Amino acid sequence: MTDMTATYAALEPSRAEKFRQRTVPLIAFAVLLLVIPLFNPSRSMVTLLNHMGITIVFALSYNMLLGRAGLLSFGHAVYMGLGGYFAVHVMNWVADGSGFWGAVPVFTMPAFGFGAGALAGAVIGWPSCRRAGTPFAMISLGVAELVAAAGFMFDSLFGGEMGISGDRMSGPEFLGLSLGPVDEVYWFIAFWTFIGVLGTYAFTRTPLGKLSEATRDNPERVEFVGYSPQRVRYLVFIFAGAFAGMAGGMSAVQDEIFTPENLSLIPSGAILIATYVGGIRYFTGPIMGAIIMTYMGSNLSDYTAGWLLYLGLMFVGVVMFLPNGIAGIVYGTTDTIRAGRLGEVWQSWLIRLAGLVLIATSVITIVEVAFRWSEGYGEVFEPFGLHLDTTNLLTWVLGVVPLVLGVLLVLKSAKGESK
Amino acid sequence: MTPALELTDLRKSFGPAKIIQGVDLSVGKGERHAIIGPNGAGKSTLFNLISGRFMPSSGEVRLGGELISGKKPYQINRMGLSRSFQVSNIFTNMTVRENVRCGVLYSMGYGYSFWRNIGNLKEVSEKTAHILDEVGLLEKANLPAALLPYADQRTLEIAITIAGGADVILLDEPTAGMSHSETDRAVALIEKASKGKTLLIVEHDMGVVFNLADRISVLVYGEIIATGTPEEIRGDAKVREAYLGEEAEDAA
Amino acid sequence: METLVFALLNGVIYGLLLFMLSSGLTLIFSMMGVLNFAHASFYMLGAYLAFTIMEGTSFWIALFLAPVLVGLVGMVVERYGLRRVHAQGHVAELLFTFGLAYLIDEVVKIFWGRTAVNYRVPELLDFPLFTLYGAQYPAYRIFILFVAAFMLVALWYLLKRTRAGLIIQAALTHPHMVGSLGHNVPLIFMSVFGVGCALAGLAGVIGGNYFVTDPAMAVQMGPIVFVVVVVGGLGSLEGAFVAAMLIGLLQTSAISINASLADIFGFLGLGPHTEVGEITIASMAPMLPFLLLVLILMIRPRGLMGEREV
Amino acid sequence: MKSTVKAALAAAVSLCAVTAAQADTIKMAFIDPLSGAMASSGEPAYQSFILAAEHINANGGVNGNEIEILGLDNKISPKESLVQLQKAIDQGARYILQGNGSSVASAIIDAVNKHNQRNPGEEVLFFNYAAVTPAFTNEACSFWHFRFDAHADMKMNGITDWVAKRDDIKKVYLIGQDYVFGEAVAAAAESQLAEKRPDIEIVGNELHPLAKVKDFTPYVQKIISSEADAVITGNWGQDMTLLVKAAADAGQEIPYLTFYGGSSGAVATLGEGAVGTLFQVSELAANQEGISDEQNALVAEYKERFPDYDYYYHRAFVTLEMFDAAAEKAGSIDPIDVAYALEGLSVEGGYGTATMRAEDHQVQQPLFITTVSPDVTFPVDNTDLGWALVEGGVISAEAAMEPTTCEMERPE
């Protein structure tokens, strides 16, 4: 019998494994959050980091639906928006400072956002979650359009076009943070990002979290082990709404403003792209996606007018060729290295990398030249001192030859791998 | 004593097609009851009616005396009836252990719990391990279910079905597509797992049926034409005529 | 009264355009299960291509050539894009078309600029046909009516009277069966996708100068087309037609109703100066299709005339 | 997880290097949509500022310092604007230029106020060149905000002034978008007309859904049956284009007086139908007598440089000219000094004198009523049509002036 218990215990990951796989990454994440300020980032860098934190929580909440429960939503920004709006209202009550509200620190806003998001999820989820798949997606689209339209109609709640702004420096200080300067806001965001990551991760470890995965894979079977798939989806939906609302509460403090535009299809589409590009099959996928997309969204436009096109190409590329997203590459690579198979694959990887670089060369050439041509100011794309205008033969060579070569190389490496 | 499962004049039609035309059946507690019949006789439909997947057009299904027809599958499951599927119906993206655990969870009282760490639920882990051990999948516990060989997937199907500890178990062709040795192992497993429980089984393999069942019902064109012990069924002229033919001789 | 007549007339034209757009999507959606997010982008592509062709030649050539070109683009997209993604399931397909819509938007901006182009009604049709209640009625709108009616008849003929149509019809209701009957399913998919896109392109050709041809036209049309398809029902062109007309009329006539919610629900104690009471039916007009969408999906998931659930 | 950490670290380190502000350039951050559908409003303004800066730099710069315009794309989102604002400030920009969208402007005013309060010694000024919500220079006025465009009520003053002069206009129809701005425009039109021409009858006051109406014929039909002699609308974007298009299609030939008729693409879409129908009020009337050769050359130069767009944002040039003059007057390029110097400052613009009113930081300048005409020196949208001044279309700065309720709080 002792023997048996030992075998049973071996099923579960050992304490050491659990610690290594679950606790260490979380500690590393916390340490990372703590050491970032040591690098003395600029204020715009901190602002960007803060937005990354917000997007990370938002993307993780979105992946509770898309990745874990298999529910494709086109209206997730509704919950972040409603949570955020509520938090801004609370901030204004705090600023008025009477009675109970006067004692609430602004630091706790994400908790209010969490509550409002959960409530919104509970109300809207009730009709939406009765069906999964395409009907769910379509309902979420319809609801998003309706809520966004309502955002412009009810000025007292949403403040019309200009939205509602608040002041994060009101109310009692918490942990000695005035939340005025953006680097103090960093600590606030870091704290709540950690809570968000921890919370969404913990959720995946609960019976409900596991059931949501089961429901994604096989809703019918779930029904025959005693669970209502609709109920599972509904509960997951409420939690996803809650964490989205929490991200909204973080954003309310960081940006001190919410506008009806925050409820619309545009941010909903953006979070879908970020999450998917990151990789919906992995817990860390949305985190990677959020970091990359926030960076690209705010900074890529400094370098090229074609940033939206690059974003679109990247998204379509991921959908077509990398269904597991960036996280898929990262984990695939580390797994291969860990398994000691680098020796077998490095050649094919190198070929593929070379192919991708060639393809990127062509794509960038084409896009940049096309954008300059389209603007018609006679500006010319001049990388590395080359003068690439539309009449230059080299432009066309660079636009076509590396593309063809690159595709051939990638195909070759794919063939090699399948052997 | 109330029968574990009782069907009264159960009927189901899809449009004009009458698939089940008035089935009466009573399965006693602890009985192993097999349903046989030619293809298209409505065996799977009957299972779907009992387990709540389909709504009966008329008639009643009672589980331990309580009316269950008209209830949702998950409600019926919670009342103590669990079923398996003819085509493996497992959670392919999860590991074997997680699959079984899904089956265990509700019965251990962890409904839609979102405040507990699933890894810390000791009873759940032990029960899961116990069932994995019982069905012989302990070694493959951490494999993704999709990677299991076919026979193991069928076994997993049964494991999920019995995991919740239901008193009444419905197995839909548990040995379909298995080799002889695999079938033997499956039968042994079913015998072991259904000890003290009520079992209703649909099966094509007559060897399995006659070995396993206490009683047998023969379903032809949506009607039960005979119910009895294996001997009675073997001797029943109507059954021979309608269905068994020479096959029965061989199986016996 | 006058307003109502105009609202009805325009509602019918708008409805027909919507139908032209959504008929293709209904075919694609029913058969392949792909809710093509980029469908309205093909509509935009049709308008822009027509504009360019018209600059070089004439509107009449554009009327034929542009839809064909759009159809070809659609086929290429299906062959080299969608088919590849198909194995990963419907969500991936949906996301692919979502990204594609994004790309087409950007490419259109590169080629034709970010502002509206001067895509005009052909001179031959640029005259007032008749005067109704003091307002002139442009002949071009009646032309739209004719083109739409012609397309309707042609589509009906194609589907009900030709062999290809029979196969497509079978595929609409039983997409899995057609392959078993020995037909080349990928070819059928590609053709249907192409034809669907060409229809959207045609809608673009005649709708682009009726409305405005600018890079935002796809985004504005996109969600409405979904509504038509879902409300109409899976596999049902008749349903799509009814839904398109319904939504066309709903949108154009609701904007001419000045009543506010307070006028309607005043008896429930809704004050005319409360925030809810002030909302007019007209201002709710754009929301109505989406309300309809949500309600239909909740109450009658088959849609108005669909044969299967979405 | 590990690799995430590494990637994030690498990104963090590489980004921490801040570009230090060079001493001899004045960085001005242009924060407006430079991509996406709204780029057609942001781009031409951006180009106008670039051209204006080039001219000033060629003439010796601002107190010897060169102006550099940093283009930052805010994707017309208020939140993204705040990210870009922070970026601009970190890159050393102390002057912010923005105009598209009152929601963005409002967010920036709020953020600049907070920034200046929280970071003394590092003040930033916001030059608003197009956001017209009157509140910005009234109850919500700020010392840090300067508006170089006439606000909505002033533009309406221009329109109603012209309408008042036209005796043949007896009935006016108001139509607008159903949101705060549309409501405000209608209210202003109503009260101003009642004051200037009590005999004019408002035969319709209609709000329609924002950016959702595909076909305005039913509205035009209402306008026709009301027998209106003129229509006033604050519509922008496609709501403006489609409205006028429907009117032209219905053969209506009464003035449609707009704020935004001159937006890029409108004339292209409407074509001949716009002639005699589409009117706009603006600080710019390129096709008129008595304009200096220098100004005409500038308009031509703009078109040559940026063939996609037309000289429309005259106020961009006025903005930088006033900035130049203020810096010279203050003998400093520090934002607070410049702000004080700007108060009450006048410059001679290409189309009249512009004065920055000290009480509310609202520019006062003449306005013009123009209409689409085939007979012009400077056509627009690459068509043969352009904006010609109408009779009685010159509205003096005094006539356009509006009182203010601003109670400015100035720093010590």
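Per-chain numbering from 1; labels A, B, C and D assigned in written order.
Rule of thumb we're sticking to: contacts are C-beta pairs under 8 Å (C-beta built on N, C-alpha and C of every residue); 3 or more make two chains touch, one makes a residue touch a chain.
Values in this document were obtained by computation on a predicted structure and should not be read as measured data.
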- Message: From the centre of chain B, which other chain's Cα mean sits the farthest off?
- Response: D
- Note on the structure: Expressed in whole Å, how far the mean CA point of chain B lies from that of chain D is 74
- Centre to centre, by mean C-alpha position, how many angstrom separate chain B and chain C? 49
- Between chain A and chain C, centroid-to-centroid distance (C-alpha), Å: 32
- Task: Round to the nearest whole Å and give the separation of the Cα centres of chain C and chain D.
- Result: 36
- Task: For chain C, jot down the residues that touch at least 2 other chains.
- Result: 113, 283, 286
- Query: So which stretches of chain D touch two or more other chains?
  - Reply: 308
- Note on the structure: Residues in chain B with touches to at least two other chains are numbered none
- Task: Write out all the pairs of touching chains, ordered by chain label.
- Result: A-B, A-C, A-D, C-D
- Item | Contacting residues of chain D [partner chain A, same complex] | 1-5, 7-9, 11-13, 15-16, 18, 34-36, 72-73, 75, 77-80, 82-84, 86-87, 89-91, 101-103, 106-107, 110-111, 114, 118-119, 133, 179-181, 210, 305-308
- How about chain C: which of its residues touch chain A in the complex? 33, 35, 81, 84-85, 88, 90-92, 94-96, 98-100, 102-103, 105-107, 109-111, 113, 223, 226-227, 230, 275-276, 279, 283, 286-287, 290-291, 293-294, 297-298, 301, 309-310
- Query: Inside the complex, what are the residues of chain A that reach chain D?
  - Reply: 25, 28-29, 32, 36, 39-45, 47-49, 51, 152, 155, 160-163, 165, 167, 169, 180-182, 251, 255-257, 259, 261-262, 266, 284, 287-288, 291, 295, 297-298, 301-302, 305, 307-308, 330, 333-334, 375-377
- Flag every residue of chain B that touches chain A in the complex, lowest number first. 51, 53, 72-74, 77-78, 82-83, 85, 89-94, 97-98, 101-103, 105-107, 110-119, 121, 125-126, 128-130, 132-133, 138, 141-142, 160-161, 163-164
- Message: Touching residues of chain A toward chain B in the complex: what are they?
- Response: 4, 7-8, 11-12, 18, 202-203, 205-211, 213-214, 216-218, 220-228, 231-232, 235, 239
